[in-house]
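Notes for the one structure printed next.
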Amino acid sequence: MVAELVDYIMSNKILLGISKGVVVGLFIILYASLMVLFLTWVERKVAARIHVRYGPNRTGPYGLLQPLADGAKLIQKEDIIPYAADRLIFTLAPVFAFAFAVLPFAAMPLADGLILADLNVALLYIIALASLSIIPVIMAGWASNNKYSLLGAMRAAALNLSYEIPLVLSIMGVVLVVGSLNVFDIVKYQTEYIFGIIPKWIIILQPLGFFVFFVASIAEMSRIPFDMPESESELIAGFHTEYSGMKFAMLLFAEYIHMVFGSMLAVLLFFGGWHLPGLGYVLSFLENFLSGFAYTVVKWAIQFGVIVAKALAIMFVLMWIRMTLPRARLHSIPTFYWKYLLPLALINLGITAVAVAVVG
Amino acid sequence: MKDLIMFLILSVIAVVSSLFVFLSKNIFRGALSLSLLLVTMAMFFAMLNAEFIAAVQILVYAGGVLVLILFAIMLTKEREPSVSEVTTSRAVALIAFVVLSLFYLAKHTWEKYVPEKEFSATGASVGTKLFQTYVIPFEAASFLLLAAMIGAIYLARRRG
Amino acid sequence: MVGYIVPEIIIGAFASLIILLNYTVTQRKILGYLSLLAVALAFVSLFKLPRMTAWGIYAVDDFAIVFKAVFLTVAFLVILSSLKDINKREGEYYSLLLMSLMGMLLLASSIDLLMLYVALELATIPSFILAGFFRDKQTSEAAMKYFVFAVVSSGLIVFGMSLLYGLTGTTNIYEMINRLELNTVSILASLFLVAGFAFKMAAFPFHAWAPDVYQGSPTPISAFLSSASKKMGFLAVLRIFYIALSPIANYWALAFAILAALTMTYGNIVALSQTNIKRMLAYSSIGHAGYIIIALALLNTKVAIFAIAAALLHILVHAVMKAGAFIAGIVAGENIEDYKGLSKKAPITALMLTILLLSLIGVPPLAGFLSKFYILLSAIYAGGSVGYVLAVLLVVNSAISIFYYGRIISYMYWAKAENETKINEPLSVTLALIIAVILVIVIGLYPSEIVNYLQKAAESFVKGL
């Protein structure tokens, strides 16, 4: 019965497309949500370790169920909309925040051949949708009709105008090296080796580009040292001061999804995506035992696991930075991005262009 | 047929949101509605197989220009500036007029010039066009931006 | 390989150089001289330009050369007259002026709607800042008005262009001829373009910005706006309408005929009552725009080539005359009272201004007579009710214009000033005036050569390269 259904779906192109879209789309949302739940726990554990504390350890083994407890608490909370708020925009902001955070994943390959929408300008699409994520923040800050929220939103806008250009320019370096805007092509390019041993991950070719990308994407995730929109010691909680209950949860989700998104993008662009030296042998070994659909699923699972593992490593560095560095001053941020990071990105782009032209 | 339905839905969204931009009394909502319009325009480009332009449209306009507009609005003092009242009947009449003229234009132009299906505006094809055929306007546009920047800095700079 | 674009490259390079030097050079005079040099070099390079079409969007034909020469001449006069109060103008002034000029030069050669629009914007946007350059209340208001009207007209133009593109699937104006059909949408598109360019030309119902902006802007910039910026409208109309929209010529030609009649009558009648010289010149400029639009209204007749040549001649002559007249205002002042006894206070300026005003009236053998005469001739040759009505209106309006131009001349020579202390006549301004007067006299004395060349230019542009 199930097999017949699968066969029927496989034979019909449109149905296949739709069902693939539904499955992968659901998977992306599920993945993002689970990842966020997990990350809140990780972040608290890492913070605790750095502070020499224990962190959550009462709910479940190692406190692993803490995120669920938090979620249950947030659902119970009263949903408050301030009297002077712009009700419509106030309500829409968290929805848009969540939607814009999840949308870029649609063009992001999760494994070799596993993607929701294979666009030939995928990278541009990803950046474009990621750049929209600022609008819900501004909406939330403005609609709250609270001076702290408004200040948070203004800072978010100022930050956005600063990091966007270096971020895109640093990605341009990668695009120049590979010669394609398609993320599959970018990862495929990184599966080769230099001198037969060193994996040709783009971070080796573009260290400066990665630096610029990383610094700019910290701002994109609005994490310390660039967490201007929130800066809890100055602005209470910045743009989401007035939010509570599930609306707050959605804004929080969106923030963590940005973090997942940023580190996955870094993995795909600079750290070889699903490529790992030696993984190819494992896969061809597995191919002997499994066949067809089963092999594809296992391959995807392994490759996806590689990406997630690498992304988690990057996220660990991000948490480490958060626990170590103080928040940058507001005035210094535009100066830093426009006067130092932007020229660096341009230099990187210039060097890359010359190198590509010379090497071929 | 599928394209036509898409086109009609998108154009209704585009027209309504662009009317809302100047009919809205709340300037912030007007700006947000402008962003909806810009995203809809991007979808039009995507429908015409110009994915590159669509992505750039979102990146530059919705992600860049609109943030500047919102930023400027947040710097203003009045939350609800007094904009002249627009009555519902006038708004409806305006919307009806625009939608009807849109249908009229679509009727005349739609059949003749459907986009070329094979052509896909990838980064490479856009780049080739931009740096070969249209290199003069491209450079002229860069001078245009330079002039605008010099002018803005000059006007904003302190006297003396 | 890039020989066809040398003047633009020279202007662009100097514009960039000047903005760089602005922050290092202490002597601002140098920047002014540099921009003069740039314009002169570009003018010289015009003589060596190859006649060719590049990429199908950029054509160097005789028609383009004529307009480039007009723009460069006006820019030269404007920069020369700006050298007077050098310390009030920062480097941005010359840089923006050159960038605007670069846009105009590009526009002269555009045969593609995309190129044409970008060039139009490049020419327009720097002039907003130039119009408000002193950043005081008066010039800022002028800049604001100019900005609003220019943006609205650009919007109309783009809308018309996009309809044309939707109808024909091409942006090249020569390819458009064969694909354009007569239907409601194409007429609508041409109406949008007529309205949009009428703003740029300051034709009657769309003229409201011109007097305020010319009055408020710094005087050399008023000269630049009325003599160069405004001519872009005519240039673009000739290119787009005569070539691309020729299949529906009967419709827009009628629109231009009505515009011409209204514009010249309105401009000349309102100019009668002005007491501010810049305002008066602005209205007279509107009147002269009406004369040029007469030629546009004749584009669907058998004398089209002759009409284009006449329009080119009047554009050239009017640009020089009007620039000179505005520049004289730098010395003499804005108010009509300032002109009483000017022949005693500033004899050279008064003499030069008299010659220019006589030319604006259309006194033979000056150039102004010649160009008006050719427009009259083309209207009469064209015949038909439209041609004769326009010809009569042209004569009547020229007669009206004698009153307000003549009033200034009589004030300068026969009215008594309250104090007759000499006004300082700066060398640079006088030089600019002398150049303008020489051009007016020379064109008037050697009409046949110039008209022959203009006719050749008109033919070159009709055929395409």
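The chains carry the letters A, B and C, assigned in the order they are written, with residues numbered from 1 in each.
Following the convention adopted for this analysis, contacts are C-beta pairs under 8 Å (C-beta built on N, C-alpha and C of every residue); 3 or more make two chains touch, one makes a residue touch a chain.
It should be emphasised that the depicted structure is a prediction, and the values quoted were computed from it without experimental measurement.
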If a chain touches subunit A and subunit B alike, it appears here: none
Chain whose averaged C-alpha position falls nearest the assembly-wide average: B
Intercentroid distance (Cα basis), subunit B paired with subunit A, Å: 28
Cα-centroid distance, subunit B relative to subunit C, in whole angstrom: 32
Whole-Å separation of chain centres (CA-atom averages), subunit A against subunit C: 55
Sites on subunit B touched by subunit C in the complex: 104-105, 108-109, 112-113, 132-137, 140-141, 143-144, 146-148, 150-151, 154-155, 159
Sites on subunit A touched by subunit B in the complex: 86, 88-89, 119-121, 124-125, 127-129, 131-132, 134-135, 138-139, 141-142, 145, 150, 153-154, 157-158, 160-161, 164, 168, 175, 180-181
Residue ranges of subunit B in contact with subunit A within the complex: 26, 28-29, 32, 35, 39, 51-52, 55-56, 58-59, 62-64, 66-68, 70-71, 73-75, 79, 120, 122-123
In the complex, subunit C residues that touch subunit B: 5, 12, 15-16, 19, 54-58, 90, 92, 95-96, 99-100, 102-103, 106, 112, 114-115, 118-119, 121-122, 125-126, 128-129, 132, 135, 163, 166-167, 169, 183-185
